[in-house]
Every structure is written in structure tokens, then in C-alpha cells.
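Down below are the structures I want you to see.
In what comes next, subunit A is part of two complexes: it sits with subunit B in the first one and with subunit C in the second one.
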Partner chain A sequence: MALKRLNRIVQLSHTVSLTRPLHGSGCGLQLGAATQTEAPMESPRAVFRTSESEPASHGEQHIGQFYTIPPSQVKTIFPHGLPYRFQQQIKTFNEACLMVRKPALELIGYLKKADPAHPSVRYVLYGERGTGKSLSLCHALHHCSLQDWLILHVPDAHLWVKNCKELMASSYHRARFDQPIEASVWLKNFRVTNERFLKEIKTSQKYIWSKREFTDEGRPLGEIVDQGVTRVKNASDAVGVVLKELKAQARPGSYRLVVGVDGVNALWGRTTLRKEDRSLIDPSELTLVHNLRKMMKNDWCGGAVIATVTQTGSVFTPSSAYLPQELLGKEGFDFLDPFLPVLVRAYSEKEFESSYQYYRDRHWIQHHTVDSLKSILCVSLAPPAGHTEEGKKELLFLSNRNPAALERLCAFL
Partner chain B sequence: MSKMAASSGRVLLKSFVQGCCGCYSVILPSIARNVILQKPAVTVLARLVCTSSTLQRKNIAAAGPEKYTQEFIKKQIEEFNIGKRHLANMMGEDPETFTQEGIDRAIAYLFPSGLFEKRARPVMKHPDEIFPKQRAVQWGEDGRPFHFLFYTGKQSYYSLMHDTFGKFLDIYKYQYGMRAEGLFSQDTKQVNLIGSRWMIKEELEEILVQPISDHDCLRFIQLLERILALPYCSIEEEYIQRFRRALEVQSKKQKIEPLQYDENEVAFSIGEGRRKTATATATVRDNGSGNITVNGVDYLLYFPVLQDREQLMFPFQFLDRLGKHDMECKVTGGGRSAQAGAIRLATARALLSFITENEVESMRQAGLLTPDPRVKERQKPGQEGARRKFTWNKR
Partner chain C sequence: MAASIAKFLRPWSPGVLPARWTRYNPYYLEPEPSKEVYRIPVTELTDEQKAAQELKAVRPIKAAPPGLTSSVFSDPTVSKFVNMMMEDGDKVLARSIITQTFESMKRKQVEKYHKAPATEKEGIECNPYTIFHQALENCKPIIGLISIQKGGKYYQVPTPLTDSRRRFLAMKWLITECRDNKHRRTHMYEKLSQELLAAFMNEGNVIKRKHDMHKMAEANRAFAHYRWW
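Right, the complex of A and B next:
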């Protein structure tokens, strides 16, 4: 293990050639000075890791490389934000490694240049299934969090429009419906992410929850969140209040707010929920959806809205649809218009190579035999020379450089 | 006394009558009783009675295979020739130069059959090919058999063995003669055995017109091999080659289309394939990077299942050309697995134009070029599916 680390340092600090400069002069690994004379064993392979863990300092030269998010940040920033399969990968590999890719870099570049005085710009990430929209969103949110922005992350808006066990009529508005469980869960995670801000931001008006409960003006927002978490009945209204307050108080001088919504097309699509008389519920009749829609408007300043449109998890959409026009529908498109579309594509050659090297490094892909793909995970004592290339070509073909397809191919049986 | 005579006469008549087959008349001696006292002659009443054939069924199996007489075969040959001329007339061909292939084509056209078993389809061939060869009578009018080995039971087989061993002795004598003259040498012309195989038992039976056992066939082949072991076996090469059959080179059967070039000077080739009810046409282009489009859609989207994509990958992977070609295919019909199989066959056929003959042969042996003959089996009446029977009810 130590030898491997040594090799990695050597790799990182030894300049192979001018065309492919190695990065990360900072030694994240504290293991003495590297021996410059020792030629790196893995020099024919491309470097696939970088020690830059600040998304702000990621540049074009980092494209295709993996950077690690420290576990403490993962727990605070992404209590619920990462996709399920990625969470499993973190648990397996014991580290959270994200690949730096062009769409995310583009997004971060826009966020850096955006003027807080102007109305918030809406960015929409779109692409075919499994190309990496959710993880690009997470990359951008990581950057925002390290820049001390307030993160409002809805990990999957589709969860709010389908499979709701308890649906109750809203107390605030007669025609709307509440979803207590989803709202309270979201509030809990929101609290974990933004502890600091909840103490600072104060309410601007008095909110009455019931005959005996109310929240005064000027109280910290944390109280509202606690109210929503403890009194589950009022959770959806608490969410609405939080959103309203944050939007109202997001000014150029104060905090900067980023709203990240995964699957924003759920807000304007159809639901699978029915009322008691078996008629379908429109999304606008759900409190959570209604309040979130208000956030998506660009009538506030000092922040940004990043959204993804995805077919996975959406109801009543054909699987071949991936363009924003198709997935949002006319209503959603008009609402979000004008927005900045960011296309997320499948891996390029370099990114694929990098991902493959990462799996090899993590011993997820071991030795290869020529014939079947399933024997990729079997360990043989001596790796046959020349067969690694063929296995890689097989993976390339079968996944067609799609990140999710590659991940599923390499998964355990 | 007369009564006795009458009754015995009755018994005799009955026994005589029972001996005959078919309809026979029963003689009723009813009136005879009255008449017997006056006249000794019996006047009878005859009544025609037919009995059912089950009572006197012939034991067909015991008679053996049908024997065709020489005249019958000759008549069949004449009919065949006349029929051939008529057929040529019908099809508008010249009767003089009408070959067997012409007959086959004509019959296939006039009597189209969808039966899978080729031997069950209508066929018109020379009677010699249809009627099994039969041995002529083996003995003369005096009952003496013609052949000296007749009483061995398998006369043609033993005579063949006898002749073959005679050849063996000839070669041996020749060799002895060469040794005596001092011209003996080990390196003589050997019989060429490449590309041919020994005859099988069925073919030997056809030649001998006599059933033989596996053991007999084996002994015969062993004798021939013994002859081949001698240095001077090329003397009797002609005789030995009579018992060898040529093996067809399978790969020559593949029709390889030549490469075509499109306007950008890029080589491409088209192949077609079928599987179950799916048909696919694949265009494989050279100088590509592994992009595959199926019906205008990327293959990852068209075949979400890994198994189908593995099927697509197989021809390229086998030839080690994974990232080197681009492909566009159109496929219709069938289900997802059938479409994948059809595309695989079409791809393999298209790739034939790009590769060497040895690779063609290895592809054929790998099974990439064989169309899969399995189709959905038809449902039979009285059953729920092709094999599944209805639920068995006790009552």
C-alpha cells in the first residue's frame, strides 16, 4: 500500500512531458519527499486523479480527473443529495470521488462570473439517460457550498409527485394538498446542510401554525424548520415559509442562494396521486410543488437556480425524450424561459480511460480474460499480457461510453 | 345310412368351402334332409355370403419389403421419360436437353411446398433413384446358385473382401519382385487421401445391394488401410479411390460479396440476416470508430439489455475489430432478442468482405455464419400450446 502511495506521489510530481503536465503540487499525502530518480511505473497510463479538492480551482486541465470530497463535507453538504448508486459507490470505495467534466466546469465558470445584483440566472442541465447530470449538479453545489452560499437542494423532485403514502388537505389553502412525510424529511436534511444560516436569518413576519403555536417576527429560521420537523402536520407549510423567507431576503448584500433541483420537469408534468374521488391531482395542487415553482422564477437577485431535466423517475414520459422542450412541456418551458441550457454528454475517450483507470485502481476491475465479460471480476494470479486492452475495448463497446452503463457493467453481478 | 352319407357329405362340403377365401357360398342342407330319403343326390340352395377382411387378413409384415419386378421398373422408366418430355413441354423448354435440375425447378414451381423436411416435398426423379435396387434372382433354373460364395449368406460382401485381398496379394508380389530386382525403395508415390473420407456403412450397402453390419464395414476399411500401409499401394490407387468420398470444403459455400466504395472512398459492405421473424440489413463501413446506429437510434438506447449488445459485439470482438468499423442497420420484425440475433448474422456476413479466407473459416466454425433455424413451433389441436397439454382432469 505504501509503495502504491509512493508511486502516486511520484506520478503526481514527476513531469512526464510538456504536453501532459501533472498537477497537484500540493501533497495531500504526507509521506516524505518523493524520489525523483525513480521512473513512475504507471507513466504510460493517463493520470486520473487530482489532489485539488476545491472545485473553484478546477480548470480545463483537470477534465477527466477524479477529485476527492472529504467525508465531513459529504455529510454536511450532501445528506440526501447524491444519487443512490453513487452513495453505494462511496460506501464501497470508502471515498467520494467525483470526475471533473466540462458541463460542470462550464456551470461553475458561469456561477463565478454571475453578478449578484442581477436577477438569478436559471441553468438547465439536460442530456440522455445516464450521462451525469445529477453528479454535475452535485459538483456545482459543492463549489457553491465551499464559497459559502446557501444551498437549497431538492435531490429528486419526482419523489414529490408520485408514491405519496399520506396526502392530506392543506390547512392553509383549501384546494391544495400537503405531503407531511416528504416535507419533514426534506426539512431535516436542509437543516443539516445550512445550520449556520438558519441561526442568522430572521423571519420577517409572524406565522401562526395553530391555535396555540406561532412563530414571532424576528425569530431565527431554525425555529421554523424545527416547527416543521416536530409538527409534521405543518411541515409542508413550514417548507413554504422557509422558501418565501429565503427568497425575500436573498439580496446582493446578504447571503447568496443557490437552488438546485433535480428533475425539475416533475413540477410541470403529471402526478400519479389521486384524490379521494379517484381524479388525478395536478402538480399545482400540491403545496410543495407550488412553493417550489415560485422559487424557480427569476424575480429575485443574488443567486442562481440550477436544474436538471431527466426522464429517469418521471412519470408518463417516453424513454427517448431528453430535450428540455419535450420533458418540461409547454407550460414548464414558458415558465423557465429564458434559461441557460447546458448539454451533458457521454464520456469522451479521455474521460472513459480515466474512469476505467479509477476502477482498476480501486481494484473494482481486476484481471481480464478474453472471452466473457463476467470473468472481469475474477482474480487470477498472473495477468495475461495484452488482454487488458481487449477487456477495455469490450467495456467501451458495451457501454458506448455512457457513464451509468459503464458503472452498471462493472457492478457486481 | 343315407343320413350319415348326407351329413358326411355336408361336412366335406363345409370343410372344402372353409378352405377357400373371399366370398363363398354356404350350402344349406335344410331341404336336403327332406329330399335325402327320395334321392341320394343333394340339391342345395346356394347363398352368397361375404365375410369381413379382418377374418382373413394377410400378414403383410411377414412378406418383407415390396419386390419390384424388372418389367415394373422398365415400365416406370418409360413413364418417367414420357413425363419428362411432357414437363419440358409445359415449361416451354426443349425436351431433348431437359436435365434433372430443370425437372427439380419445374416441380418446385408447379407444386410449391412449405414443408420443412426436404425429403417430404414432391419429387420427380429417375426410377433408379427412387426404387431401391434389388437383387436379381441368384440361382438358375436348376436351382444352382450362380455365385460361388452364395452359401456364405453375404455373397457380395465376401466376394468384395476376396477381391480386395487379391489386390493386396498383387501388391505384395510386385513388391517382392522389385526387391528381387534390387529396385526396392521406400519413397514411392503415395495415394492422396486429403479431402476425402472412407465410405460409410450405408454407402457400402448401396453398392453391394445387401445389408451388412457395422463390424463387416469396419473389417473392410481395415483391410483397405492395410493395403495403404504398403509402399507400392499406388498401383491399385484407382481401386481404392472407388471407396473414398470427397469432403466438400464448407467455407467455399459462403458467398462473399466484394467490397463497395462510397463517394468518400470509404469501403463498405452490406449484409442481411434473419432470425425467427426479424430481418436485418447491416452496412459496415471501414475507418470507423465503433459508432453503431440501429433504425436511426443509438444502439445503447435501442438495446437497453446487456445481452443484446453482447450479441452485436460478438462478430467484431471475434475478429478483433472492435473500434475499427462504423455500422448502420435497419431491422424489422421479431422481438428484441430475435432482432439482436438477426443483426449479428447480418454483421458477420457484411464483415466477410473485409477478412481473409482463414478468418472466414474460423468464423464459420464459431457459428457466426450459420442462420439459426429455430422458429416458433406450431400449436397442435387438442393441446394448449406446441407441447403443453390441457390440464388433466380425472373425470
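Right, the complex of A and C next:
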């Protein structure tokens, strides 16, 4: 396992990053300095923070800069959406700062221009391991949430196709399987994000859960969610009902729906779950996967589907695969086709510099050779002149500008 | 006699050629990992450095051990600690435990730093390397005990310790403490980070063990003359 850990850092840094040449990077920085109200005290040459906390107003001049998400919004919009290491970072730094990057800006631009009357467009974020696909998805969802869209966020679809402790046969369909724990957890988090919509949207038909329990037509959707959370046995079916209702009622006049799925290739891959006779279960035989697949079709209007294809966490896929064709397979690709692919690359030089300055500002990079701000107790270890850049050059080399590799390297330095 | 010395000085290579061996001919030179040495331009070399460079052209060089790097982040104390913690030659696992320890220590301290008011921020140490070095320093015993046999009985006699022995004892105590006195489900890196932070503040079981050693030495003061060196 430790070998895998070190190998991961090596793999992350071996990713081929085709960085764009920085045309006018000098003017970009100057423009940044001119339009920013807030500048860090220690280094006037690299401005790494921006005071714009609305993703809608982020533009080209904000690329490479960090914007803060207020803690209240983090709790409501991302109860389960952020990657684990980012959650740890939020806890340590006491703030949630996300970097504005080109793929996310591109996505937000498309979302702004999209016509609600047209069928929903499917966007697929792809890229090598550790380049920032999940956080770009979170950035786009933050924007949608502030624009008052309904957020349907599946933080990791891979969790639904592996390591399921309780698998039970579905009561609704004989050949399918239910996953009560995963479904109830997801419903709880869904409720936290979309409280106000759950009161407004009404069911369009009667749903019978068992001999004595049923939900009438015209009741608020919140009741279905409560039913799924309290009666864990019906949770997967409750999820199916919620998805069906939201899709049916997402019209240009009413709310706008965004479906964010991280690891959509799990829906068309293989599972590690087995039936009682030890034969492998196909993803289509799982209720949750079956219902989510229906959401990914573009036969509804008034919203968007943003998906990520990732090898991390996927089962039975080679670690070098990162393209949508390789990860989705023929079936998945044909289902999602036509989609808009968005490539997420490793950091550019400016973004790397910005990330490095942010870690220094937050006192995260502590090693004395990396010119730490806090040199109170390091006076005796003060680096000789010319030594301060050594650490930074080494970080650049070791991480190959890969965001995840840089984060893991700075963690112990 | 001249013939025997000449025999010693002629080029010698072992019959079987291993990749690395602890018993090299003293003739072999140590490898030089630091980049600074190679960056000095030829004109600025001192006479000794020039002589060393010329010697490298004629003498063979020992194989570099696996823990030797030219990285600016390498620390010999940390490398020694990793080697001591290593079991069955699994250096990757030992090193990953140490990096996780540093990360968890840094996380705790940085979180405390960001939540503290401005007056207390100066006092919080966030650098895991300084914490590690300081904690190790606090765990090193000043005086040790050795077992000396006199008149059929063995006595614990107080004795001064060399620097390397003190460092070894501090590291050994830390590792054994973290291996033995932890809950079955606590990870090594968690326990180690707790112990290091406690030792940094001069608390914890390892500091207690050091104080016990000092008290024993103080108590056995009378037997100090049993030592004849």
C-alpha cells in the first residue's frame, strides 16, 4: 500500500502536461495587479487571491487566482461534494479557497450561454490523474447554485459499484439490486443542498411503498426524500422516484436542473459486487445506476449534465487510461454521445506560482529551503542566499506541475 | 616489508563483484551527492578541492547507498530515523509513515495557528522538521547506564554517552513507545505525531523514560567507580 502511495506521486508527476505558451502572461499579471482590490503583503509580483466570490463574475483575468467560498455556502452546497483531501485542507486552513482555472471558466461560460429551451447539453471533464477535474466540477456547481439552479451532485459514482456492505434484492424489480446505505446517505445530503426546492416541487403521481405506506399525488418532493431516509429499505426506490420527478418537471419555465456526476464511467464499467451464487453483477442490475443512467440521457430540457471521467477509484481500468473513449467503453460512449469534452490540464507556470504562493501564505510549506515566511525559530537554519529558489525548483521538478502531486509533496515539507 | 606495503597499495578488486558492500578497500572514495560542489567553476577551486578532483580520476568510488539524495529536502537525522523504523527492508513503508507523521503534525499545528488570536500566533511552531529535531533533542538522555560485572554480581553503573549513542537511544525509545503503547486500531503515524508533539513540549512517556534513566543513574551514583575507563 505504501508502494502504491509513492508510486501514485510518481505517476501524478509523470503526466504529460502540454502547457500553453504564456502569451502576454506579463500583461495578464499586470492586469491582475491593476484590477485587484486585495494584494498579499509579502510579494507584490504574484497576486494569487481575488476578492470576487461570485463564479459568475470570474473572467480571464482571474485565472490562477484563489477565491474564497463562505463557510455557510460550503455547508449547504457541498455537504458531500468536495474531495477528501480538499476537505482536510479547508479544516486546516480555516477557509475554503478554490483556484479559478480555464476549464471551469469555459464550463461556466457554456452554462451561461446555454438556452433552457434546448435539450440539456452533456459536458464531460477529462484529464490525467490529479489535474483538477473534481474541483472544476465543484466550481461549476457553485456557480449554478448561486444562480439558483437545482443541484443533483453524485460525488463519486464509483462508490456505488464497489464495496457495498448491504446488497438487497429490489422490491420493485425482481432482477435488480438495491443499495440502501448509499441511497439513504445520498438522499440526506441531497436534502441539505436543495431544501427550498423540495418544498416547491410536487409529485405527479401516487407512489406506494408498502401495504400501509404511500405518497399521494401533489405532495412535496421532500416527503419522498424523508420516506427514503427513514425507511432505508425503500431508499433506492426513493432515489429513483426523485430523479424521475425532477427530470419530468424540469421545463424552461420552472427551475433549472444541473446533474453533476463525478466518475460517470462507473455507470458503464464493471462492478466488484457479486450475487449470492458468486456471479458478477452488471451495473445495469443496480437500481441506483439504472436510474442515474436515465438522467444522463439528453431527452429533457432546461438544464445541463456535467460529468467527470476518472480512473482514480474505478475498478478494472488501467491506470494510464484517461480519455473518455477508453474509460467509458463503447456502451457508455454511445450513450453519452454527443457530448462536449473539456480537457483539464496540469497547472501552467502562472497557476503553479499562484498555488505555491498560496501555500506559503497559509504557512503550509514550512521547509527552510523553500523560503518560509515563518523564520522565527528557523533563524539558525536561515537558508544561504540563492538557496531559497532551490526548494521551489525541486518542487516544480518533482510534481511536474500536477496539482495533486504538488499538494501531496507540500504536505510533508 | 616494502613488498608487503606495495602489495597493499596495488589496485585490488574482489573476486565476486557485488553492487554494494560495507567492506570496501579503504582506497575507494565516498560519493559526493551535493550539487553545490559541482557548481563551483574551475577557476575558484581551492588547492585541496583541485587535488580531490584529480584523485577522483584515478580512484574508484563506492556505490551510493539508497538513502543518499542530492535533494534539498533530505535530512540525515530523518533518514536515520526512517532506517531505524524500517522492518524487513521495507523503506518505502517506513518513509511513508514518517511523511504521514509530518503531515499530521503540521496539520494540527497549522490549524491551531489559524484559529489562534494574533498575540499567540508567534509561539506556535508549525515546521514539522524543527518539531522533530527539538523533540528528539528533548528525548536524548544526558547520562546512561551500563551493566558491569563485579564480584559475581551485575551492577548498573552510570556512564557518559557519546552523541551517536544518545541519538540512538532517543530514536529507539520513540519507536518502541509508539509500537507498544498504542491502541490496536491507532495508526503508527497518529501515535508518533502525538508523541513527537508531546516530547516537543517536554511531556509524554518518552520524556518520562528519559527522566527515569536519569533518576536511576543518580541513585546508582555510588557504583560510578566500578567503571575503569
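A few points about this structure:
One rule holds for everything that comes next: the second predicted complex is superposed on the first by the 350 of 413 C-alpha atoms of A that agree within 3 Å, B and C clash if a C-alpha of one lies under 4 Å from a C-alpha of the other, contacts with A are read in each partner's own complex, and residues count from 1 in each chain.
Going forward, a contact is a pair of C-beta atoms (placed from the backbone, for glycine too) under 8 Å apart; a residue touches a chain by one contact, two chains touch by 3 or more.
Keep in mind that what you see is a predicted model, and the values were worked out from it rather than measured.
After overlaying the two complexes on the shared chain, residue contacts for A:Ser51 are found with neither subunit B nor subunit C. Greater residue coverage of subunit A by touch, when subunit B is weighed against subunit C, goes to C. By the touch criterion defined above, A:Glu128 lies against subunit B but remains apart from subunit C after alignment on the C-alpha atoms of chain A. In the superposed pair of complexes, A:Thr92 makes contact with subunit C only, with no contact to subunit B. Once chain A of one complex is fitted onto chain A of the other, the partner contacts of A:Ser348 are absent, as it touches neither subunit B nor subunit C.
In the superposed pair of complexes, A:Leu396 makes contact with subunit B only, with no contact to subunit C.
Comparing which residues of subunit A touch subunit B with which touch subunit C, the overlap comprises 390, 394. Contact residues on subunit C toward subunit A in their complex (touch as defined above): 71-73, 90, 92-93, 95-97, 99-100, 102-103, 106-107, 110-111, 113-115, 122, 125-130. Residues of subunit B that touch subunit A in their complex: 290, 297-301, 306, 309-310, 313, 316-317, 320, 322-323. By the touch rule above, subunit A contacts subunit B in their complex via residues 128, 319-320, 373, 390, 393-394, 396-400, 402, 405, 409. Contact residues on subunit A toward subunit C in their complex (touch as defined above): 1-3, 5-6, 88, 91-94, 362-364, 366-369, 372, 374, 376-378, 381, 387, 390-391, 394, 411-413.
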